[in-house]
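One structure is given here, and the rest of the page talks about it.
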Amino acid sequence: MSSASKPKILELDGVSYSYDQNRSVISDLSFSVGEGAFIGLLGANGSGKSTILKLGSGILKPLSGSLLLWGKSLHTLNNRDRAKLISYLPQTLDITVPFTIKELVSMGLYPYDIPPAMTVDDALDMVGLRDKADAHLTDLSGGERRRTFIAMTLLQGAGLLLLDEPLANLDIKYQIELLKLLRRLKEQRNISVVMALHDINIALQFESVILIQNGRIIASGDPETVLTREMVKHAFDVNVEIKGSGTGGIYVSYENNFL
Amino acid sequence: MKKILTLFIHDRLIRFYPRPDNVIEHMKNLFIIAALVLGISTSISAEIASPPKRIVSLAPNMTEILYALGLGDNIVGVTSFCDYPEEAKKKPKIGGMSDPSLEAVVSLKPDIVVMTTDGNPKEFEERLRSLEVHTYVSQARRLADLPRGIRELGVALGVRERADALADKIAAGIRNSAGQKAALASPPSTPKKILFIVWPEPLIVAGPGTVINDAIALLRGENLAATAKTQYPKYSIEEAIRQAPDVIMIGKASGMDMQAISNGILQRLATVPAVKNGKVCFMGDSLYRLGPRVVKGIEELSECLK
Amino acid sequence: MSQVRMLVLIAVTLLIVLCSVFLGPRIVSPMATTDIDKEILFSIRLPRVLVALLMGMALGASGAVLQGILRNPLADPYILGISSGASLSAALGIIGGLTFLGTFTVPMLAFCGALVTGGIVGVMGWKRGGLWPDRLLLAGVGLSFLFSALLMLMMSISTDEGLRRAMLWIFGDLSMSEWPRIPYGLAFVMIGILLSTTRAKALNALILGDEFAHSLGFAPRRERFILFISVGLMTGASVSLGGMIGFIGLLIPHIMRFFLGSDSRMLIPASALGGGALLCIADLISRSLLPPLELPAGVITAIIGAPYFLYLLRRKDVLSI
């Protein structure tokens, strides 16, 4: 999905996975993430987005196929080395213990024996939460909670962020805020981001979109070329109108479904 | 989560339920006081001319008294604790002392149910009376009450002469032991300090309000635990060491090798005079029940004090 | 900041331990001269205070670990059924009059019962190559019900007074503490505390969830297994030292979070110290309040601890639930 000139940091080749023997969730999946990529993984509920991210982060082991991280096999890396390269944020963040923001963010240092140059305060500065360092997660808004964990991954220093539905349950204001933050971090720190999404209009803001249906890629590339009326119908089983034209100017309308 | 929480709370309840052993002891005392104050257990609900044919006993000491009165054949039901005399074990069981089965008792069609304030629930007696079952509730709890208690029981069961004879025998036995000891006690100004161990680990001793305490007082001994707050207190080992008992008595728990399980506590009390001078006696269980065997128990006690 | 508080906690715990040794039904001077005072100090009080300290430490620390690995703020060392198993085998020993190891018999039976039960819970909680918090919790609760029921059954069908006495042992008794029990208690409790403290980072990550833990460079299943072993050792040693004492394992970690934050690297040692200190105070009160009568220490821990915890709960967000 990235231009050929940029080095590939994550490559999935012919990856298959199933939770039980009867039902295959992911079958023969191949794609790669280039350096500095900003990819939206779009698909309906149950299409396999989360499973793909879990495979990509090494939480799940594929039944077949190969996963390369910076050219090395993902599952031969030891846990701590892998954690320095790749960071995964799950969709649900239910924490039963009252950690402070500072305590949470500092966990990003766990893969390191010698702490990297970046400090907890630096990471909090980057996400704009320095003044809330001693607050508890319960005191924060949904957007601030997400930013807390983004700060943790920044401290972790991984070049690849895999985020599972980070925009879920956020007001549109916080969705925009978080997307802008991630884009800025991507530019400043040369981080690659892959995130699972379900909002088609948000997907239009990405450099690249992978459209998933039933564990298979049905289209990928520039969102404006991927997200056609036919493809959306195929992936989400709804009829939409693509309105507007030109860069950033288009949006997807669902209105006619309510008629 | 909610489910787990409920399970969790339920689990706590189950776990805490048997915990307050001392509380049960307290409750028992409270009940007895309440029973006495309210006069609920007025002894006789009916005077009977001839001995009742079918008697149910709800306490081991009452069972023993009934046998001593020659009414053994008339007993049709006993508690699971009634293990003396040997024949009592063969009688039909109606449950425990604190939780007898109403159904079992009633189905035995007793002419009278013999109970005690020391361990039987008063509600049970009320239920029986409401079902028009005759009851006799003994209020005797101290050694001195025993002969009178037996006489009253004799009146209630229509075996007055036999009861008077037994009461006289027991009263004489008690008097004799006391007299003997008075003669032995020299100098009487320094009574022997006694610790009567009911259970060695954790250390539980016989305290105030027990037959054992009365028997020790009768023999002019000093029960070290007489000032403790409960009948069977869990006793401080360091206080036991400090109080330096002259004699240690260890009661018998049925089915237990008391010598073996007492090794630990005797080691810990190795510095007290009783252990140093070998004045440790392993006793029977005669003094645990306010029945005909108390005389034997007192003799045992006085034997140990010689 | 939290380092300073930790030092204060250590100092307070030491002070409480010293007080517990010299105070009691009567005050014994540190310069004890009479034979009786020496005897009481060295043979009775010192081992007793040390056992209280060890038990409290084990319960506090294992509570902190368990609430993390089970991801449940209501978990305590007893919820896994380990203590019920220990109690059951100890009660069997007491009632059966077993004495094959002398005074060690009952504690050893309790410890073995704890380990066996821990093993069963572990097997039940094991699926797809790892221990699963909810499975562990439910297996523990189920097993704990079973063992409690068996214990109750034994109690209700037994005509033996000995069983009632066995209950006193099971529900927390420190009076039989003696020197020979201390070395093995110390060993298992210290192994447990060290093992869990060295895995404290992994524990923090596990609290966030297995996926977080993986992302932060840990093998969540292996870490949970190691931490589970440490809990088993600590809980087993504690029950075998002096029966079951409630409250500490459940609420001391929450109280300590309030003082020192939630980072397990601080929380595990702090909960150990807090638990040890609380049990020492509770035991001091239980033997000094109505001498020569001794009250159950477990009751005192809850009576002094619970109101304080409720006060904290009203004042601040101790729990984030």
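Note that the chains take the letters A, B and C in the order they are written out, and that residue 1 is the start of every chain.
The rule is short, and it goes like this: a contact is a pair of C-beta atoms (placed from the backbone, for glycine too) under 8 Å apart; a residue touches a chain by one contact, two chains touch by 3 or more.
All values derive from a computational prediction rather than experimental measurement.
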| item | value |
| --- | --- |
| Touch-based graph of the chains, sorted into line, ring, star, complete or other | line |
| Maximum centroid distance from chain C, chain identifier (CA atoms) | A |
| Chain centre separation in whole Å, for chain C relative to chain A (CA means) | 43 |
| Cα-centroid distance, chain A relative to chain B, in whole angstrom | 76 |
| Centre distance in Å when chain B and chain C are each reduced to the mean of their C-alpha atoms | 37 |
| For chain C, residues that touch 2 or more chains besides their own | 72 |
| Sites on chain B touched by chain C in the complex | 4-5, 7-8, 11, 14-22, 80-81, 83, 96, 198-199, 201-204, 224-225, 227-230, 233-244, 253-257, 260-261, 263-264, 268, 271 |
| In the complex with chain B, residue positions of chain C that touch it | 24-26, 35-36, 39-40, 43-45, 72, 74, 78-79, 84, 97, 99, 102-103, 106, 137-138, 141, 144-145, 148-149, 151-152, 155-156, 159-162, 164-165, 167-169, 171, 173, 175-176, 178, 244, 246, 287, 290-296, 298-299 |
| Chain C-touching residues of chain A, taken from the complex the two chains share | 54, 57-59, 79-84, 86-90, 92-100, 103-104, 107-108, 110-111, 136-138, 153, 156 |
| Parts of chain C lying in touch with chain A, wherever the complex brings them together | 67-68, 71-73, 201, 204-205, 207-212, 214-219, 257, 261-263, 317-321 |
